[in-house]
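Below: one structure in structure tokens.
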Amino acid sequence: MEEQIMIITMKAEATQEEIQAVIKKVEEEGLAIQLNEGLEKLVISVIGDTTKIQEALFEACDGVENAEKISSTYKLTSREFHPSSTVIDVDGIKIGDGHFVTMAGPCSVESREQIIETAKIAKAGGAQFLRGGAFKPRTSPYAFQGLEEEGLKYMREAADLTGLKVITEVMDIENLPLVAKYADMLQIGARNMQNFQLLRAVGKTGMPIALKRGISGTIDEWIHAAEYIANEGNFNILFVERGIRSYETYTRNTFDLSAVPAIKKLSHFPIMVDPSHGTGRWEMIESMSLAGIAAGADALIVEIHPDPANALSDGPQSLTPENYEKMMKKVTKLTAFMKEIDE
Amino acid sequence: MEEQIMIITMKAEATQEEIQAVIKKVEEEGLAIQLNEGLEKLVISVIGDTTKIQEALFEACDGVENAEKISSTYKLTSREFHPSSTVIDVDGIKIGDGHFVTMAGPCSVESREQIIETAKIAKAGGAQFLRGGAFKPRTSPYAFQGLEEEGLKYMREAADLTGLKVITEVMDIENLPLVAKYADMLQIGARNMQNFQLLRAVGKTGMPIALKRGISGTIDEWIHAAEYIANEGNFNILFVERGIRSYETYTRNTFDLSAVPAIKKLSHFPIMVDPSHGTGRWEMIESMSLAGIAAGADALIVEIHPDPANALSDGPQSLTPENYEKMMKKVTKLTAFMKEIDE
Amino acid sequence: MEEQIMIITMKAEATQEEIQAVIKKVEEEGLAIQLNEGLEKLVISVIGDTTKIQEALFEACDGVENAEKISSTYKLTSREFHPSSTVIDVDGIKIGDGHFVTMAGPCSVESREQIIETAKIAKAGGAQFLRGGAFKPRTSPYAFQGLEEEGLKYMREAADLTGLKVITEVMDIENLPLVAKYADMLQIGARNMQNFQLLRAVGKTGMPIALKRGISGTIDEWIHAAEYIANEGNFNILFVERGIRSYETYTRNTFDLSAVPAIKKLSHFPIMVDPSHGTGRWEMIESMSLAGIAAGADALIVEIHPDPANALSDGPQSLTPENYEKMMKKVTKLTAFMKEIDE
Amino acid sequence: MEEQIMIITMKAEATQEEIQAVIKKVEEEGLAIQLNEGLEKLVISVIGDTTKIQEALFEACDGVENAEKISSTYKLTSREFHPSSTVIDVDGIKIGDGHFVTMAGPCSVESREQIIETAKIAKAGGAQFLRGGAFKPRTSPYAFQGLEEEGLKYMREAADLTGLKVITEVMDIENLPLVAKYADMLQIGARNMQNFQLLRAVGKTGMPIALKRGISGTIDEWIHAAEYIANEGNFNILFVERGIRSYETYTRNTFDLSAVPAIKKLSHFPIMVDPSHGTGRWEMIESMSLAGIAAGADALIVEIHPDPANALSDGPQSLTPENYEKMMKKVTKLTAFMKEIDE
């Protein structure tokens, strides 16, 4: 267990009674205190095992401006160390802090024709990125492993033809230089969330990284994984919620949208939602995409296929061109609307 | 395992080739077929273990209008048997099929003053129902068990004073007559989702029932629980998603918003979301409420407290009056907006 | 979250240095201390949120005899309040503290012939209890609900004929008097672990109670459920581990054998293991039964059926008479062996 | 979903009625059949989605010798393709099919003295392998990452001094040659269970591999991971059950002992149990070790430390020398006893 410090910032106008009430509350939890007189605000640091006391308990007290836990083990990724939201720039396309993007494409690149056709559909619907797998992590060594470099070339061509950016997964260090040559943004898959050597390697590239949450990764482990990337000096990190493993089998995974406010509270990096993997059911993608946007997501990634019924992989979770186009109309309207009500 | 039948409805204009393609696809799965010539549409019933074939696989085929699984074990709650969405009427207040309501109140009724004050806040914010616990299910026999009948009286008084409806939990048959006397809508708690005797008993009352999902209840078990109520002739059922138990501990529960499209696809009854229990963190309630609405929820229930820091229970997941009011402004705007984009 | 106190008992011969080292360790965790000079031993009570500090941390220190957490919310069930292991007596048959019993029978009582035949098999194999369901909790209201009173009569007759005791589930208060009339031991099913009204009611009967762990019940919730029974003055409680719900689907549930040492450490009541429900696979029952005994279980319950292939329920997890007999030979040998090596 | 074939082998003396009954049963499931007349036995292959029909259903039928599912996606690791149990040979030490070994050591190599002292304790207790981490996968980039090559040298020296074999984790391909130089057996950690590039690489070495189950790895995914190793021609694979992630927090992980009979049924490779990581609590290690042996495990790995209270990592789950010695006496007796009763 990692020790955490909770930092309670009192309002400038906080009274002595209010301050004493907070201190009393902390001591009732059997935790120690350290006071830091700020320029105009008092900061109360709570030391000890703060794992089980919730910030909410103190944020609800009079005179408290806010309460935050600072993990002693992640730093560069935490909002305490970078209070404003980070905006990633992928070759001119901004993500985060009000800049919303959509990424669309097939699970796997199957052929030059398929990816070019899909890229046109993605673009027409309003996406800025083309997604697609050239190297596929497969449970079985005998399953289709992707078109590899050929697939990367097709993606690049399709993206350039349509004016899209390329996001694709890098599975291992061996192929990192190859993938980096064709991609605009590198994706770390769920299985590799704690492949620390790979995290360090993509960190060194300085390229924008989409970091998927592990299938049973906790919020805490996920942010620590990002710390491995940031620790190499790479601050172009995009978290990706893609569903976690639970007992429920109706959906392929359990899509944890509470990860959106959680990441926004704990870290300054933007977060993208992936309802295709999150649910595994194409008929849920529209509603879960809208839900993700309403929750505050900075980006959306969906699987689309010209002919889902005959897709080599993930057919059941891919949108048809018609459903994708229909959904994107609502996505565009809702993102605009959310900006209004947040003002 | 329950056997399920999948019903594939072909479009009126489906060609013979398209029909044969679907039949071939079914046979490739090693499943048996039964054809029902409808008046103008062909219905293909797939018999056998359909648990693992997804509707999406067939809905993506040309000529298919839709594909649905019919569980042989739930009937009255399934959409096949009642294609249009059911609208519940709670003493003049409609829920479902476009009629959206909000319910707000404290976790527990603590005093006459507290519940009256909270009712006024709930009403001012725009809620139609007052929630509150008079009988509290508690893990420990020594924990505060609620004010019981006294609490029910206070709730009723507070609701009548403000023109709200009362929703409260009934924990057992023994107290059912008492709770029914004061409540407009009865809530079945997560721990009782499979308390079949209680489900039958509330079914017999004919009163509106809010059926919470069990903390590890599957979508399938949850709908079956509703079947126990419907089977007594009670069709006033409101499903409530309140978070499921997963390995993640950052949130109190894992709020499964994919339950919203799942219930809407499988059943005709409306569904409400409960982000207070779903996340256990007050700072997530606004974003998760908006997400629930965007996902298509028919109702929203939240915990509010005049003074969360000193609440007898669930303080950390209760909204302050200010945060509740702020959230409700957005809730109202978003519900209106969602109707527009759905047209 | 419930506050817990950790009680660290120092050895009589502990030195001042050793005592100071422990106190320092506690303070480093930011927790408060209270010293209780015993007759010859020093007891250090650690106050505050001890949720995350493990007893092991202190038990490993020189001079420490043992460290135990006392939940402030369960008392009668905790080992601190009753250091010696409780032995249950079911009409002359002892369970716990070295007294091992086996319970066997079908999932459901299907007919007089079936239960009598099964009782003879159970007895011949060496079981002391006949299990069987007369009232079945079923996910679907349309599934076979059991033979009810008729089934209870057959069980009683079969048990008396063979000199076995009857254990059967009571699902609700309504049928408690009826079930109590025929049974020697009442079983609370997993779905009812937190049906508090039912727990209180069976507590009042004073009869021996087998309390199954809820399908997603934590160890802590489970012991609290027992507290509801003990709080009515009923100390004839047998915990039953029957598998918990996890993401793994190969087994019906995930059989958590670590619950055996956990319960023995935290409570004084005996624990039984149920590998039939714990795994849902008959071919695993023998190995998991032996594992349970080696883990220290006080009792074993298994499902057997004269003809599993045609059982009305749970066929796949029922042993044939041959496999049951074969297993029981090993069970008998291993229980005897485990007593030896524990001496 | 991967298609599976179920192979039902009828007994030589099976009657036509018995054969027809089985075929009828299959057809009732809506599955297709293919008959293979063997030399003296009839084999019925069930084609289609067999995911949900259990072998048990057919094994319970008269005339059936056994029923097995063959996944079309793992081959070399499946028992169908290698019916007898594989025995691994680690430089003269056999594991599997009756050859039981114990591995013991600290979580991390902390110093030359610490590892030499621990090796002597491990050896004295009867272990054949020395475990210890030189490269540590850590959630945080700032946590102690191990002594690296220095640690490997110390382990090798300590092992040679005491006549033990070295097992240690290889975290990435970069360090594989280095680790391989010092180790007798390579361990793949839980986080790397699906690091396919690493699996292929250790496969190519031909060295004995201990493959830990991922923290949320299914039995099916785990066997597929082994297939990646076997597919490189390396048949020296030892599965390691080390606990899975569930909702329960009392134990660090949920120790899934049913994995032992599951692996023995589905694969021919031996399996080891790791109660230290499986439970995270030293006081449970003895009972869970004995349970693992009774369940049929081929090997046992435990964490021991000369001074757990001051261990750099995993102190709470490490045994003291005294407890280790006490446990090993029972381990030795029980392994001998289990051989007897299996005869």
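Order of writing sets the chain letters: A, B, C and D. Residues in each chain are counted from 1.
Keep in mind that, in the parts below, a contact is a pair of C-beta atoms (placed from the backbone, for glycine too) under 8 Å apart; a residue touches a chain by one contact, two chains touch by 3 or more.
Since the model is a prediction, treat every value here as computed from it, not as a measurement.
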item	value
Set of chains whose contacts include both subunit D and subunit C	A, B
Chain pair with more C-beta contacts, B-C versus B-D	B-C
Between subunit B and subunit D, centroid-to-centroid distance (C-alpha), Å	43
Averaged-CA centre spacing for the pair subunit B and subunit A, given as whole angstrom	28
Mean-CA-position distance for subunit C and subunit B (Å)	34
Junction residues of subunit C, two or more chains touched	216, 220, 245-247, 249
Parts of subunit A lying in touch with subunit B, wherever the complex brings them together	25, 54-62, 216, 218-220, 244, 246-251, 254-258, 260-262, 265, 278-279, 281-284, 287-288, 290-296, 307-309, 315-317, 320, 329-330, 333-334, 337, 341
Residue ranges of subunit A in contact with subunit D within the complex	2, 73-75, 137-143, 171-174, 191-192, 194-197, 215-216, 220-221, 224, 227-228, 231, 245
List of subunit A residues in touch with subunit C within their complex	1, 29-32, 47-49, 51-53, 216, 245-247, 249
